[in-house]
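Per-chain residue numbering starts at 1, and chain names A, B, C, D, E and F are given in the order in which the chains are listed.
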């Protein structure tokens, strides 16, 4: 597992259980054992079991979890998607957190999948953003990949993206790109632009990637002509399921969509104890 | 601030910034100072600034944040909702996390508000659930209150809720309630039931609260008649904006809605540097 | 194990061992193995082995611990209460912490048991308080249960107890109870009172539990008559082994005793290496 | 403050407050401010305010605490020992932890003082042991000093104490001392012995300090004669208020007493809000 | 300060001070205040005061530190490089850690400066590596920049470097580069090669940067001719002060040197209390 | 393992891997397994595998590490010093940290060994200092022992060393030693002196150890005569490989050398995947 995931899971288990699961300690004998099933209550793209495994590793490593579908599978309403067995107390203590993770990540994978389906057959790739849930970015970006999308940078630390304010502070796109290149030889330089004029500036300055922020379809088409492959073009801003194909058809290389992670609806999943 | 919030904020800042905000360090002089504005890009119920204050306290306590609306205000599209000033580098480093928090919490407050508006004039209260984002429960339950809702228990540790599996393990509702009362004198006992027969059992066993799980409107009306105020009744399961008023009109005391926290759509907010 | 216990054990091991057990590293070969026995040096009610197990799990999970009595057993002076075997270095490093835990928890269980014996045959239950050792509350409240007592709330977070200052700030008992009920539907409301008049106020206001603070035996008897079972009555303040039965005989439902946890005397236990 | 104290205080505040002080949040307005007094409910030797200061620093650094007596003062029943002012919520949230610390540390200081008074006029010094509360050793050893005692080693890391098991593993006292001296030039070497014969062995082997474990008064007197000042002599085991002076009068240099920290009775202190 | 630095400083202070600076607590009165000077005992390039500031912020924020030279200054033997004033106890507790940081970072900055001087006038840039001290990478890479060098990637997370083993696992350089480009659009792709043939493969595969591992000067000259600016060339392996200029004169763009961080000799600095 | 080492390893792994080893995740299949060898690229004294074991325990406990030489062995250039097998991804993720540890600790052990060889046949012992790398002191002092040296105190907490400033604050050496002895009976008292006069003072005051700071060889010879074995003498300051034997031949008991830890050059070691 990745550094950080265990800490998030520990924090979330502590958040839910606190000093004790009072009801369960009062009513379920310590030695009681059960089997349970995760059930899809609607159709969705499955994501999250690698993290649910860690939930039970942290909580009680004697619990057995067996997913019945691969990550990224489209599961049908009513499907048993995994089996769980172990101490009843551990199952009940981990139930809510495991569902909260599965529902959120499957929601993200499902929404990503819907976008990806829309642009099927085109070269354009779908990207996420940094508009993720605090402390869950690693998990959410994983779900985007599971749903068929690609990841933009993980943070401010692993990519250079020169925005409006950076340009203002530097004096011009040209100066900003030059300064960035001088200090850092190992990253591509991405510049955010709002106009075709600035796109031309960015290209001339030696940018590697240009983000077209909130441009009209027409401008995006022009941008593709201007760039002629000399830079990677990323479309961003106000892109929805309804218009994502039109945007992709302009010929941009990448489309980034914040709602993949900040506004996905939870998939409906339940855990049923069967014996 | 509450124990735990600071840790979540530290984790989230580290998640986003890592070893450095590379672009900003390359392009923004250390001494540069700026003013910026948080702007509502649509209408919503505002929530989140107490936590945003902590973000900047942790990141750089010399940053000044002045919210211009109270938590819970309905803000209009285009409103400047807060002003921020300080080191440009700190503003840029805290921008994304502060927006991610504001957008999520305002989204929850807004959705809660919509539910609360639907049941206006009735005695019924709207509750959240434990279907929250891992590690953000405290913040999200706060946003529910800001939106006019009430909080159900915060975790497995601060309330007794006897569910199906607890009843099965105990043998009967009666035995489960009796055992819970024997071990714990200080909490109300809530029992989840799926039928009116079990409701009667729960009342006779001395339950204080009964959760009516996925009952029909007719059954809920009957439940209210059966209970006659002897227990608190909570409706739960499949309650949406479309049917929440009908549910409330059955006379139940409480309605709990998971989607308040697991499926709220982020409010649209941006941060603009003005000088 | 409960969230938090491992952290306390890690902290305590670090506190005792620091960078190294210097004597042991100098004198005991790394491969040396030993067997040892925990021995009762006086009669007491045993408590603490579940936590001692965690001590050795954290320190060196190859160490074997086999308790020879159940938690809550009355053990006689001279009894071998558990056997321990493993690396000599690990036994010596964990010796002091394991004894410190066993001695404290057995001391608490023993004192609790003495109180419980005093009120044998009566309905009244013995409760602990929040007057516990910082960071060890979970362990100490466990020892109270092992000794036959019951737990009051674990913290400020899992129960409502309206005290003097809350009443003052609210204006009256009635207003305080009303406000608490309005904001929180899921907890019982406990009110602390010093007079029979306030007891009546509390009952009329709808309190669920009333704590009689430092009342005379006569007043407690009156309180029981006034309440007639309409609220749970808890006696608190200056209750000692000498007077606990008299207090219980007044008919109060609960008696809470701070000294169970803040002034229990450590049980006398030693660890002897036998080979 | 010492490394580690802040962590213990954070842990203890979290233990008591959890996600929230529910009663206080429901009933005390956020802006309410109060003054309060710590009051001695019996006579005792005061200890603990430096740590209580840290409690409020961590909880809400705008709270003001003014102790009215120095650490180590004998305070009389009824004395106001400190004044506290600040947000009412913060005072109520910190009340219990601050009292738990003060009561425990004052209890230890008081018991230590009683022992020290018993051996007044003699050269012998009173020492504590490692029989302290897990994670609170630093605070408890501080209270011993405040009460007039001295500290034995803080852990296994800052002193060499060769016990039975170390001797067995080394073959003889002589070999053990020799090996310890060879590996470590900077510490005194203390050896625990149970007989006068072993005392002689220890002295001949070059021990710096010898702990006389559970020896009779006669043997201790002989030990003093044998040692003639060539080693420091520490008496240990079954030393109580009743016999501590007799032990000291044998002429031993040090007397260590475990009950100072493991069995001190909490001092009775309360916090009263005055306006 | 960057996330992580504070934790390292806390760890290091705890490592040095433990439960207490025993000598200082015994001999220096709590109220004693002093002034002290950091003095260069030889000539070197100064680096480290931003972190020393944090040391005293964490330890005792009332301590005042005033560096008298800028980071990166060449200071002469005997120079007073900073003044420090505050509680004597705090100065003594922070002395060793502050010196350990200054000596190490100044050592790195000085060695880096020596390399940079060697290649003065050439276009080639000097880079560090990941051969840094565990947990101190951020500080050490800072010192490299202070000394006039540039930073290679900070970790495995912020750059793609395809080595031998990655190529083997992928089947060929071409396949490896293709797979990397497909999965990641935002980073430059660096490939490590040992032969000119592989260099050609890497260029044809679309690598952005090629690391020439342990090549002869002749091969490096050929590599520059082959690349003709189509990729960035980085020389690596066995580069010392003696041969760095020859390597740079081959025309490579970058030279990375592990010994900058793993084998720099500490600068000689002392702290003198002056009153 | 010692408390603290695991935390340092976790910190260092996180420092290097961050959210992911991007290259490896893109190019190495999750199920791929490999064998690898640690190879000595020059002659050195081996040290570090106990910590490298912990690196892989933390990272992926299914990885197998088999060192082929004992700690402290002199290994020849070209030797395979250990074999490693497991998941290729885990090997690649742990490679750099494991090498950074091995190279540093072997560097220290090798340098220590060189000093120890120089003073072979003499009674004098070689000591390290507190001039270690922040957070790595435990590991570095271990490497000193592996190289044949001895450890001075581990921190300010486990030894009393009275320096210049302590003497100044106390008024005289005599007063300082007296105060230290009064407060602390269990440690030897070491005093740092710069002149033979102060050496005499220290001896008369009852110091156990005297550190001769930066004395000439002549003065050290005189010091040995003055002390006549009544105190342990430690030479310190400006001791190098070139003069260490001369210093030892003066007859001092201990020689402490800061450069053992602050200026050792990393041993050259590589990790080669063999299949």
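Following the convention adopted for this analysis, contacts are C-beta pairs under 8 Å (C-beta built on N, C-alpha and C of every residue); 3 or more make two chains touch, one makes a residue touch a chain.
Predicted, not measured: the structure shown is a model, and the values here were computed from it.
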So the chain most remote from subunit F by C-alpha centre is B
Do subunit A and subunit C, two copies of one chain sequence, contact each other through the same residue numbers, with over half in common, or through different ones? different
How many angstrom between the C-alpha centroids of subunit F and subunit A? 45
From the C-alpha centre of subunit E to that of subunit F, how far is it in Å? 22
Considering subunit D alone, which of its residues make contact with at least two other chains? 4, 17-20, 137-138, 154-155, 157-159, 183-184, 187
What residues of subunit D sit close enough to touch subunit E in their complex? 2-4, 137-138, 154-155, 157-158
Contact set on subunit D toward subunit F in their complex: 125, 150, 152-154, 157-159, 183-188, 190, 208-209, 232, 253-254
Residue numbers of subunit F touching subunit E in their complex, please. 4, 7-9, 11-12, 15-24, 26-29, 32, 34, 88, 92-93, 96-97, 99-101, 103-104, 107, 130-138, 154-166, 168-170, 176, 179-180, 183-184, 187, 258-259, 262-263, 265-266, 273
Looking at the complex, which residues from subunit B come into contact with subunit E? 10, 13-14, 17-20
